[in-house]
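Shared between the two complexes below is subunit A, which has subunit B as its partner in the first and subunit C in the second.
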Partner chain A sequence: MSTIPLVVLCAASVFALTLLMNIVRKNTTLVHLYLLQSLALAVALTSMSFVEGSSGLLYAAALTLAVKVVLAPAFFLRLIRKYEAHFSAASYINTPLSLLALTAITVFSYAFLYPQISGYVRSPSIPLLFAAIFGTLFLMVNRRGALAAIIGILSLENAVVLLAASLGIEHAFALELAVAFDIAVWVAIAAGFLGMMQRQFGAIDSAPLAMTHLTEE
Partner chain B sequence: MTIFALLITPVLAAAVSAFMPRERQRTIEYCAVVAGAVEVFLALAIAHSVVASGVVHASSLFAGDALGAFVLLFTTVVGLAAAAQSVGHLREEMQKGILGFRRVREYFVLFHLFFFAMFAAALTASPLIMWASIEATTLATAFLISFYNKPSALEAGWKHLIVNSVGLLLGFLGTLLFINAAGSAGASGPFVTWEMLRAMAGGLDPTLIKLAFIFCIVGYGTKVGFVPMHTWLPDAHSKAPVPISSLLSGVLLNMALIAVLRFRGIANSALDPVFTQHLLIGFGVISLVVAALIIFGQKNYKRMLAYSSIEHMGILGIGFGIGGIAAIAGLFHMLYHALLKPVLFFCSGNFFLKYSSTKIARVRGALTLLPVSGLVFFAALLAVSGVPPSGIFFTKLSILAAGMQEYPLVMIVVIIALALVLAGFLRSISHMLFGEAPEDIPKGEANVWTLVPIISLSVLFIILSLYIPEALTRIVGSASTLIQ
Partner chain C sequence: MESVIYILTIIGIPLLSPAVLGLIRKMKALMQSRHGASIFQPYLDLAKLFQKNEVISEDASWIFTFAPYIVFGSTLAIAWGIPLLGTVAALPATGDFLVFVYLIALGTFFLALAGMDTGGGFGGFGSSREMTFAALTEGGLIFSLAGVALMTGASTFAGMMSALQAAPLFAYLPLSLSGAAFFLALLSENARYPVDNPATHLELTMVHEAMILEYSGKRLALMEWAAGNKLLMFIVIFANIFVPWSPAALGTSAVAALVVLFAKITIIAGTIALIESTMSKFRFFRVPDLLFTSFVLGVISIVIIVL
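Moving on, here comes the complex of A and B:
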């Protein structure tokens, strides 16, 4: 299942979009990249569902489309407009160094993690998705914007779900529904925090949250 | 039936609380206490069934085993105490004008949902549902931690949400890898249960299980508060309302640790147990040493208690890592810590209500102004440090004795760290409890609701330190076989 060419293409897209997320500076672009990444996930799940004849994967694809491609991005774009947060804050390390770090992450995934799994599943998707997982973690660590952290977590979830599907783990509709509900609630809570940040600090940027308030009281 | 009743009770309580109007605030408060009492009763019933007949199956997805029943026992007891403490604490803050009715109602709704998620995590037969439930605890507590809407509370809530979400996604990946290994060994369907995993553990691929366990210990370990993934914990514990801090420390950390231990039990059957042993002991020792150093220089008493939780998770990591008698001692240690740490947080809440500060330097003469809370805080801090005849003394001693045979150098480091913790505690409490009390602060406890939970949990801790019921010993014995 994991060697279906379309799925490999989608995994490559998820990885490439993760790299792009680490480079772009505009919040709106970040959300659009997340939308595209979620779309790649939905396409991969749909393609797997037809090959496997699995209705669970088809439901998973439909839920991904509804929650991650339509609802969450629309919600975030609305927030960006509302708070006029079109540009995100700077990253901790510059773009060339970020790319070097991402290269190291990719090499690590191919050279160390993939050999652990390859006894089970041999697919070019697996190392790409491991690299995407660590790439999104890097995004959250490196970027100061609160929105980048939220998109990073959602993007990490995309990579984990596609990795699970590529490894051949079956999806039941109930499970997918639970995960989709979890994501929807998570997005709502994270958005609530963005609103509170805007009220407290006048920006949806985690830079003012430099832990100055936590040490004073 | 009992299992579903326990799952439904907090949901019903949340629904009742959500729709109560302003004039029925007392109903919300009593509802929390009554729900807590019902939950204790149901947990006892589940424990009784488990002692009588082993695993109790409610459906293919929910079942109570010895480990789940054990965790539920102290979770519900601490929950009842926290509900009562919440009533007293929030009433006092409403009187001071810090909170309004809507905030109090919101608090109790989230409080009950938090318990629903914890019960689901303890009672599910599926590792995936356990993951979703533990993730749900993060969501339920995010707004409880930032409850006071101050910049510092917002920071703490945000850190809690982001750090734990990342950690739990890594835990999700580890969980999926375990399920994938089971799938490759012949298990079918996404709802692979703990029983299925245990039954086929010997045939799982060791390399894959190694990788899966690393993701699980890092992922769920974030929620446990293992160093270096602990960064959210001191902030969340110190900024949340006191009853929530007590639940985070006394219950939630244990729930996440139980998740790690369940995977550990399976991993040990698939590969050389030394692998998980070294990982648990490694995380345990680092957590203990870092916490001890920070406790020694700590200036904020709520943060001191938060780091004490990290210290105890470290001790548990070491105990469970060593295994055998130390694992049994670890389970008792978990129970004692779960009972005692809420007492300390409740007392710290009473200090805060009196002094309006969490800084150690600003609290003087607490024994004069708060004779009950002050005295209990003093005794509880000594007990949690392992001063005899506290039950924690015996559990620490058992863990150290077991560890001394295999890891003598590590145990020497542990003893030094524990001594440092005790010294740090003594330094802080001598400043807080003794000396001249400020004249402008009136003497006396806030209200009876803030005392009953402290005294009840302390009495229970003393009883269980001196006498362990046969049924509890049997549950702990059975639970220890699931995690080794």
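Moving on, here comes the complex of A and C:
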């Protein structure tokens, strides 16, 4: 299952989009990249469902399409327009160092993680997805903007789902439904949280400058 | 048929390069709701410049006089090393990717020297900026092509194209990363947005244009033509190596290969025009970030290929 060419291509896209997410500076571009990443996941799940004859994976793909490709990006784009948060340039380490960190993550995935697992499952998509998982974690901790951190969590989930599917870990449809519901609720809570941040601090940036408005009563 | 392909490889790039410049300008004009000049306007500009007399500064040395020939000659030498159709290069010795990179560096070196030669202020800072960008671009350029060389086991463009005929789909992941690195190097080496503005008339914002500000007449024509050759060479390498369906993979039909190559050149030129119409030029100190991105993408591609 994990060596279906289309699935490998989708895994490669997820990885490449994770790299791009770490480079781009505009919040709107970040949301569009997340949309593309979710689309790649939906295509991979659909492809797997046809090869395996599994209707559960097809439902999961449909849910992914509805929640992650349509609902969540639309929600985030609306928030960006509402709070005029088009740019989020701030990161804790600069672009060259971030890129070096991503290179180190890729080397780590290929040279250390993949050999541990290659005895059980061999697929070119697995080291890529490990690198994508660590890349999204890196995005979450490196960016100061709250929106980038939220997108980081959601794309981490994309990479984890595709890795699980590539490893052949079967999920019951009920579980997939719960995951999709969880994400929908999570997006709603995150939107509320961003609104509270904006009202309290005047920005959705967790940079020290914004946090100087935090005073004890 | 082989002799036709051989002749096309020799004359193709110098013959078509002004048209590609014209095509990019036309596309930019259309994207900006302007009518724009014909795509053949650069040919008329070159013809006009070749007929004009020159004004050469009294302070200019032999470097200023000979630099246009060296710059133009280096672009021709590289162009003859790149297979346009099939896998045949007119001059295989210059088709090695390291020779390509260092012939580019040779041209840039003489261009920068010529910029400083007359002692003008604008030429000096143009040369300084150009060498900064060239030094930073070289890493991305070498590593993007080194990845392809490692994957195919060939160091020449002809060998790479030949080996990529049977490349599996998965090979296009590292190739796409190398391709992205190469494309960023293409924008920087050819003084395009977001690194440089090829249409600027403000001396203080110039990089490439500042170096050739003192040139006029025939030598300016050679410099402009060399810039066009360089851009088309980069586009052809990108189209034939990093984009699937290379001419070599299309079998023996030279006409089909020519149509596919023209389609790819048009799409890449359209992408450059789109970038130039939708984004602003980077500040000087943000350009290293972009070029370092190119370098790191090349390194990641090599990591994926080697490990």
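What we mean here is this: the second predicted complex is superposed on the first by the 206 of 217 C-alpha atoms of A that agree within 3 Å, B and C clash if a C-alpha of one lies under 4 Å from a C-alpha of the other, contacts with A are read in each partner's own complex, and residues count from 1 in each chain.
Operating definition for what follows: a contact is a pair of C-beta atoms (placed from the backbone, for glycine too) under 8 Å apart; a residue touches a chain by one contact, two chains touch by 3 or more.
Values in this document were obtained by computation on a predicted structure and should not be read as measured data.
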{"item": "Which superposed partner A:53 touches (first subunit B, second subunit C, both, neither)", "value": "neither"}
{"item": "Partner chain in contact with A:163 - subunit B first, subunit C second, else both or neither", "value": "first"}
{"item": "Which partner, subunit B or subunit C, touches more subunit A residues", "value": "B"}
{"item": "Which of subunit B and subunit C A:12 touches, first, second, both or neither", "value": "second"}
{"item": "First (subunit B), second (subunit C), both or neither touched by A:133", "value": "first"}
{"item": "Which of subunit B and subunit C A:190 touches, first, second, both or neither", "value": "first"}
{"item": "Subunit A residues contacted in one complex by subunit B, in the other by subunit C", "value": "none"}
{"item": "Of all residues in subunit A, those that touch subunit B in their complex", "value": "56, 113, 116-117, 119-120, 133, 137, 140, 146, 149, 153, 156-157, 160, 163-164, 167-172, 175, 178-179, 182, 185-186, 189-190, 192-193, 196-197, 200-201, 206, 209, 211, 213-214, 216-217"}
{"item": "Residue ranges of subunit B touching subunit A (in the complex, touch as defined)", "value": "128-129, 132, 135-136, 139, 142-143, 146, 149-152, 154-158, 161-162, 165-166, 169, 172-173, 176-177, 179-180, 183-184, 188-191, 205, 207-208, 210-211, 235, 239, 300, 358-359"}
{"item": "Residue ranges of subunit A in contact with subunit C within the complex", "value": "5, 8-9, 12, 15-16, 19, 23, 94-96, 99-100, 102-103, 106-107, 110-111, 114, 124, 127-128"}
{"item": "List of subunit C residues in touch with subunit A within their complex", "value": "168-170, 172-173, 176-177, 288-289, 292-293, 296-297, 299-300, 303-304, 307"}
